[in-house]
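One chain, chain A, appears in both complexes that follow, with chain B as partner in the first and chain C in the second.
Up next, the complex of A and B:
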């Protein structure tokens, strides 16, 4: 017997658990594709048959299993990470679940704009041993990225393995940082469970080779941020890293994550964060990979009472970046900010699925997405604010804005509100368009060259996303990048 | 003055006042659906061979299709399509020549509903008001169409579609299914196979239809599905305003209504389509009520054409309906104004699709959703701008109002832009009924229920103003009725 409300299981008022099926499919937008070819009405028999053929085709198109999926299904039998032997039962469990679930299809609603059938059309078996790191290239890679300006401890993972030589950890009282592979047993404070309905998170756990474990003790306001460099290189394989961060009651912490590397491969990085009562976590993520890599990123966060999560992302690298951000409020009066900027060119594609679950009363959420697409780039966004029954005083605002710079660029957005309670103030806005002609004219009339004027307007468009970053050097590095980006200087 | 009127209206509130049933003899086809039933319907309607073929093709497509349970935000017990009557008609010996020959009980029904079938009674009491031509559909057949002669003089064809199939086969053949093909979706396929009646409108080149056209739909029989098909064609430079109203008796079981509406606007043509949908919504526990699964789509084929949808959705247990516009002609315009009110156990999943294909096409969407009781109200919309739609412009505003803590309001907009030469704007808000406004009215001695109706009427004003004058007053009353029992 299905529940009254789809997406909700259980019936007890106030204790509803939000279960979103990643596999939910949708036919609502089907009309759009059917009319693309134009339809000039029934003209004789040919027209009629043409229509029927199209209608039938929509119904019966079979879904093919992707080479990537096949490789991931087969690889587990011979896969083991000696350092993570204690994780093996969990890995097996996650893999069994993945075997049942399979990858999303083009008809899976949450992946409708992801084109993974194009991107994952080759096998990317998991990597177990680190490949030889090109010593000459690595220092440049590690120093010339946007988060290099941060004054932070550094944890480096190269092709899925912790690199002690490149890492640099500064000691701080009350802050524990160690690689997953260095933990002799499962730490009881770390929750490594995967999201049951996310195929890539299940794969991530099954094939994880390492990751960062971070614990900030109650009441400690950490002064040294941590910079995690997820570097992956090479062709035709996949790398899986699993990070965990717990910020205990009243503590605060800053985490920077840089996705770096090059080559036609898949990187799958999942970060799980628990922000306890009154704690604060700031996270800044930058993807600066070259335009041949595929990246799957996930942030799963529980934000407890009076806690604060501030998440910022700049997606400007990679061939394809899929970001899954799932935030659950686990206590009242908590607050989250999730901001993202896309700066995409050529054939790049960035794709975000964001879900903020207002399960508790008096929580505030702000989501701002500023997406700039040039050339043939595609930016897509599916955001959802979900308000559970009983979540009094919910305040949620979501904005998704696209800026298209060229003829073939594309922006698709679906900012969704699902509200099961009345005492709320929720809003969303979404716009898409080109640069404002008047603003361009204004700048041109004052002698600013056209390309420069465009670059200024692009930087102004995304500036809002970085505004709240507390570390001035990081904020300035990101803002400066946005200004340079259009001129092409920004390319890594 | 307006306040006095509203207060009076609120006092007049009755539960569902259209819930009565008319006892007349009807002729029914046997229960269930198979090719023989379709042949029977087709034979009953004296249809030509091509029409039967068209229906059978639709039926064959339908059999391969799955019912779309998954994506809309509605839940219902599976419908047994073999447990329904697909044809029910008031029994009569031959075709009525004038209104006098129609069963007086049917006329009475329409009078009770406030639909004046007798021409001289049109809008009694409103002197000088424009005349409205009415086509009344009772269960499966059209019982009367008024003002036909006057319309014919202007060159406008307004008749039941069953008649049009015989009298104007070329027109029907050319346009039927050209906007919503038989295999478009599950319910459209079902409708294409078994539709029994509906309205047909053809406005020739350069003609401005001299009066509002209106169809009134009524489901009377038990266990009957109503499948009407409306086809409106406005040729170059023409204009028509069309109204549609619906009611059904109160019954414990669910009734199925699966309509298809196709609008075609040629060059410089304009169509204004207004709906007040007040099917029986079921009782407080969600027993009974109409399942309203409707496919409505307009094709702005010609340059500078315009289609405007206005809908007021207060009835039905479940509404599943997305009046859409395909903006193919350059400079064509699509508009969608909607008020969707849900109370008790009602479920609404409604919205629109605006597909921009031509240059400088414009669309505007204003949607106001009000949910009360334990109802679920979803706006689901698509704005799609194709690569060649340079200069396309869209503005969307979706506001939701929540009354009570057990209801839900959801907004699911899809925005797809494939060209930088377009501008798409979407904004949505959701909030509960403002405490301070409620307090202000209560402090002035206005009972809570009336105060809510007043506030809601203010909330939806923008859309109500788009309705033809005849529907405005009715709509304001309807809002009061629909929200009855939602507070306290």
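Up next, the complex of A and C:
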């Protein structure tokens, strides 16, 4: 069996299992690791029971619905966004689907480490008529984030509403950018459909109040990137934004997204991207919210033949950040790179679900996930490379790496390969560890104070994540932040 | 006196569940003054490298008695970075690779951290670049190498040459060279030795730790000490190294026993 999946990387900490879950599956490989500092042993939690449950698809519901779910079920009847009247039928559809599906539970596959019950144990009804938009859009917030160095057009959304006053769009031929709320009818080029199996994406469509619509015409290599600031503030509500970007054949575009704001609320931001034949989309996302917010982020991308998607994230904010990244290859010889750096402290929890679907032949994917956790922070990663039958020449490589700075921190990682074709090169690996004592001493022996030395090694650990960012100023801003992070300094 | 070690005893702190601490340095005394080059020679396991680690403050060792004064000041109570800032430099036998940290950045942070700890102004980037370029040129080190991550993918000779570059840039008062000749062919050895010799001067001391007399043909010492079983068992002039080369360690170790 191992011979069929060349290049699978084992892991000195983790367990490697081969499970034949379906007749047609050539290989299903999962590294299933839970790590705490000072404990190199691996608790293989998903044992036989987990496999059985998976096989029978038993979904047990908790008796009591979460307060957040109750609020989201009740709010729709009285919810309307006049500017998005044309979306109402789709919203109703999405809501109906959500009503059936409900929120995931700890028993739902891909949500077992998410602690949804802890994070959503309060109502967060959708915000329909945001107040104090201008007060919330503080200059300090809008100017001191990590993407501020980008020379870009700016679209600002405050608590789910487009802020014309704070936005600044530069005209570029062949590039159309407008807020969803400014579209009089459904644009026929935009695909706003939700992912049917993702409760938060269904909620996102049902309760979306605005978003960015972006279209880059065929062959246009856009020179002005777009920076979208998703600002949300306040307590006890949820804000839902739905962005769409289409990069037509042979075109290229850069999209920056910053998640900013503060307060105990839920922000749900879903970005759908279609990268047509031979096109290129670069996306860089940061989350710099304060440690009381909950963020659900989704990227759903279709990448067509000979197209490229480069997705980079630096997530350091929020109480809980769930990132769902779903990429489908829709044509041959396409390429994606998705790199994430997570810098977490105190009780922050970042939770990533990544699925790359190699549905077409000769596509290349590189997924790098680097998570640094201090104090009681928790990082979880569930990544899947799916190789469809006939996907000849697939080249997929996924790595999840945790750096634990405190004994109370926790890293859970489950990189998986599901391979239904035998002419592929796929690899996945997972490592976890503490800072290297030899490296620390080497730096200190040259005069670098201990804390600074640790900070340098943290920055070095995540550095490769930013390598693919073309804009040097943005790359340097993210790298410099990674080095400052350990000292507890903010974004400024 | 630049370095004064008096009746030093040190143990390796055992890992958890690994039994008792093992004494490695067993009553070692040594005096080294400015302008002097001392060589410490000894067989494997005599405690040479441990001595260098204890002097530099590497975690994992515990000094159980004795003292080490650096420029008249207690060295053993200081953090490794404080020792470095006061002018102690340990050229390591196995320089560590640090992926993700460019060499230039590492050198700049090191130099400016030391200056800051000493209460001096930090060096500006242009001044720093000028300094490094000049020193690197003298050692035949290309600026390209300085753009690479610290020691990653460097050959044994390159790593040691870079240690010498660090010395040249950081200008320490005392250089402890822990088997700087290990893993070097004769050409690389000459380059490294030339670099070290260029740093010799009336204000600087060297403690050269080595297995082999060969290194001492290139870095000529004023004093030679033979170390065995955690102690210096004999001291003398440069001729002692030649005597050792002829007769081997066994004769000396037996004499001492």
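Methods note: the second predicted complex is superposed on the first by the 421 of 492 C-alpha atoms of A that agree within 3 Å, B and C clash if a C-alpha of one lies under 4 Å from a C-alpha of the other, contacts with A are read in each partner's own complex, and residues count from 1 in each chain.
Here is the rule we use: contacts are C-beta pairs under 8 Å (C-beta built on N, C-alpha and C of every residue); 3 or more make two chains touch, one makes a residue touch a chain.
A quick note: this is a predicted structure, and the numbers were derived from the prediction, not measured.
Enquirer: Which partner chains sit in contact with A:459 here, chain B, chain C, both or neither? Use first/second/both/neither.
Expert: Touch status of A:459: second partner only.
Enquirer: In the superposed model, does chain B or chain C contact more residues of chain A?
Expert: Tallying touched residues of chain A, the top partner is B.
Enquirer: Figure out whether A:432 sits in contact with chain B (first) or chain C (second), or with both, or with neither.
Expert: So A:432 only meets chain B here.
Enquirer: Check the residue A:443 against both partner chains and state whether it touches chain B (first), chain C (second), both, or neither.
Expert: After superposing on A, A:443 lies in contact with chain C but is clear of chain B.
Enquirer: What part of chain A is in contact with chain C in the complex they form?
Expert: Residues of chain A touching chain C: 436-439, 441-450, 452-453, 456-457, 459-464.
Enquirer: Please output the residues of chain C touching chain A within their complex, sorted ascending.
Expert: 56-59, 79-81, 83-85, 89-90, 92, 95-96, 98-101, 106, 109-111, 113-114, 117, 149-150, 166, 170
Enquirer: Going by the contact rule set out above, which residues of chain A touch chain B in the complex?
Expert: Spelled out, the residues of chain A in touch with chain B are 2-6, 24-32, 34-36, 38-39, 41-43, 51-52, 54-56, 58-60, 109, 389-390, 402, 404-434.
Enquirer: Once bound in the complex, which stretches of chain B touch chain A?
Expert: Interface residues on chain B, with respect to chain A: 57, 61, 64-65, 68, 70-73, 75, 173-178, 181-185, 297, 322, 324, 326, 328, 353, 355, 357, 376, 380, 382, 384, 386-387, 400, 402-433.
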